[in-house]
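Take a look at the structures below.
You will see two complexes here that share subunit A, one where it goes with subunit B and one where it goes with subunit C.
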Partner chain A sequence: MQRTIKREIRSLEEIFLFLGEFTGSHGIGPEGAYGVTLAVEELFTNMVKYNPQGDPDILLSLACDQRNFVATLTDCGGIPFDVTQAAEVDTTKSLQERPVGGLGIHLVRQMVDTLEYHQNGRCGTVTIVKNLEQSDAFHHR
Partner chain B sequence: MLSITVKDDGEIVLSGRLDASQVETADAIFDRVATTTRVNFGGLDYISSAGLGVLLKTQKRLSQSGHFLVLTNMNKLVRDVFRIARFDLVFRIEETP
Partner chain C sequence: MAVKTSTLDNGIGMIEVSGSLVGGDETDKLRASIAGFVDREYQKLVIDLSGVTYLNSTAIGVLVSAHTSYSRKGWQIKLCGINKNINNIFVITKLTLVFDVHDTRDQAIGSFK
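Right, the complex of A and B next:
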């Protein structure tokens, strides 16, 4: 299933509804649903914030089988950004040293099993995969 | 959607989801917090990095006057997000029995 989503933060409500319908109709459990929902929010929000010159819409596709829940976000136009190359944040810093931003990609990396980026012409596609066969905890790496 | 209520004793009660589209709503409440305050996560189903940012910003500000947030009643999935972010190091989190 896929949907075109307007490039604005308030589109998150539509994204959550789409994800909720998909996970509900496919019997995806709360851990798988949470991990993919958070990853989609973080990646979509980055596209809205850091690629405002991109096309007005971003394409969100969802698919699953018995083993994996896969979401892809396709962002065309503007400035391509390979999110897999984003610097890792230092989560061991003290309260005063911790920056307020930058945690999103760290959470994505920890909560899904695969994060891939492909550039094809003027479009960048981020693919996230959550393995549904794992236990009831997030995949801590 | 996010629902935030402030009880008579100052406790902040969260329910729904604290995501990037709800930051302004959350900031409007947390920016007014000036002393050590309990935040009840009992009805909160979801938090993302944007929600963590609201809490971290508040904690940083409060710490300058010796105050802090006490986070209570988190469900397991929300608690996992705090663990992955290593927010155990910067927040007092009361474990749910």
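Right, the complex of A and C next:
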């Protein structure tokens, strides 16, 4: 399933609804749903905030099988940003010592099992994969 | 989503948040509420997150900023009522080592020195 989402923060509500419908109809449990929802929301928010000159819409695609829940965000135009190359946040430092920003990408890295980026022409695609075989990621099939 | 503020007789400020905190107006309200207590010099603050269902990195940034403001002044800030998913975020970001987190509001209030 895929949906074209307007590049604006208020679109988060639509994203949450889309993810909720998808996870509900595919029997994905709360842990799997939460991890991917948070990752998609953080990545989308970064695209809105840091690539405002991109195309008006961002493409969100969702897929899953018995093993994995996969979400991809395709962002065309503007400035390409390879999220996998973003600096790690040093969580061992005190709050005062930590640089501002980067927390969202840190959360994405921790909440999903795979984070990939591919640039194809003027479009960058971020793919995240959550393994559903762990814990309560799957309610039922 | 709602942000409610109140004060207790013993000089404690209370912020009760419910719904989702995703960096929009609701997060701005939380930021403004915290700033209001700082301006009025409430040196003890409890933020009750028991009604929060979802929280992202922007909202965490607001909480971190609040903690920094309070700790720099030697004041105290407590969190309470965080659910399993939000606690997981706090663990991932190691903020469980920074914030004083309590299960209930009463426990948070009772923990002030």
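Odds and ends about this structure:
Here, the second predicted complex is superposed on the first by the 132 of 141 C-alpha atoms of A that agree within 3 Å, B and C clash if a C-alpha of one lies under 4 Å from a C-alpha of the other, contacts with A are read in each partner's own complex, and residues count from 1 in each chain.
In this text, a contact is a pair of C-beta atoms (placed from the backbone, for glycine too) under 8 Å apart; a residue touches a chain by one contact, two chains touch by 3 or more.
Keep in mind that this is a model prediction, so the values were computed, not measured.
Partners subunit B and subunit C clash in the overlay (superposition on subunit A). Taking subunit A as the reference chain, the count of touched residues is higher for B when subunit B and subunit C are set side by side.
Contacts of A:Leu107 after superposition on the shared chain: both subunit B and subunit C are touched.
When both complexes are overlaid on chain A, the residue A:Ala87 reaches neither subunit B nor subunit C. In the superposed pair of complexes, A:Leu12 makes contact with subunit B and with subunit C alike. Under the contact criterion defined above, the residues of subunit A that touch both subunit B in one complex and subunit C in the other are 9-10, 12, 16, 30, 34, 37-38, 41-42, 45, 91-92, 94-96, 100, 103-104, 106-107, 110-111.
Partner subunit A is touched in their complex by these residues of subunit C: 20, 22-24, 54, 56-58, 60-61, 64, 67-68, 85, 89, 92-94, 98.
Here subunit A touches subunit C in the complex through residues 9-10, 12, 16, 30, 34, 37-38, 41-42, 45, 89, 91-92, 94-96, 100, 103-104, 106-107, 110-111, going by the rule given at the top.
Every residue of subunit B that touches subunit A in the complex is listed here, in rising order: 1, 17, 19-21, 46, 48-50, 52-53, 56-57, 59-60, 63, 77, 80-81, 84-86, 89-90.
Considering their complex, residues 9-10, 12-13, 16, 30-31, 34, 37-38, 41-42, 45, 91-92, 94-96, 98, 100-101, 103-104, 106-107, 110-111, 137-138, 140 of subunit A touch subunit B.
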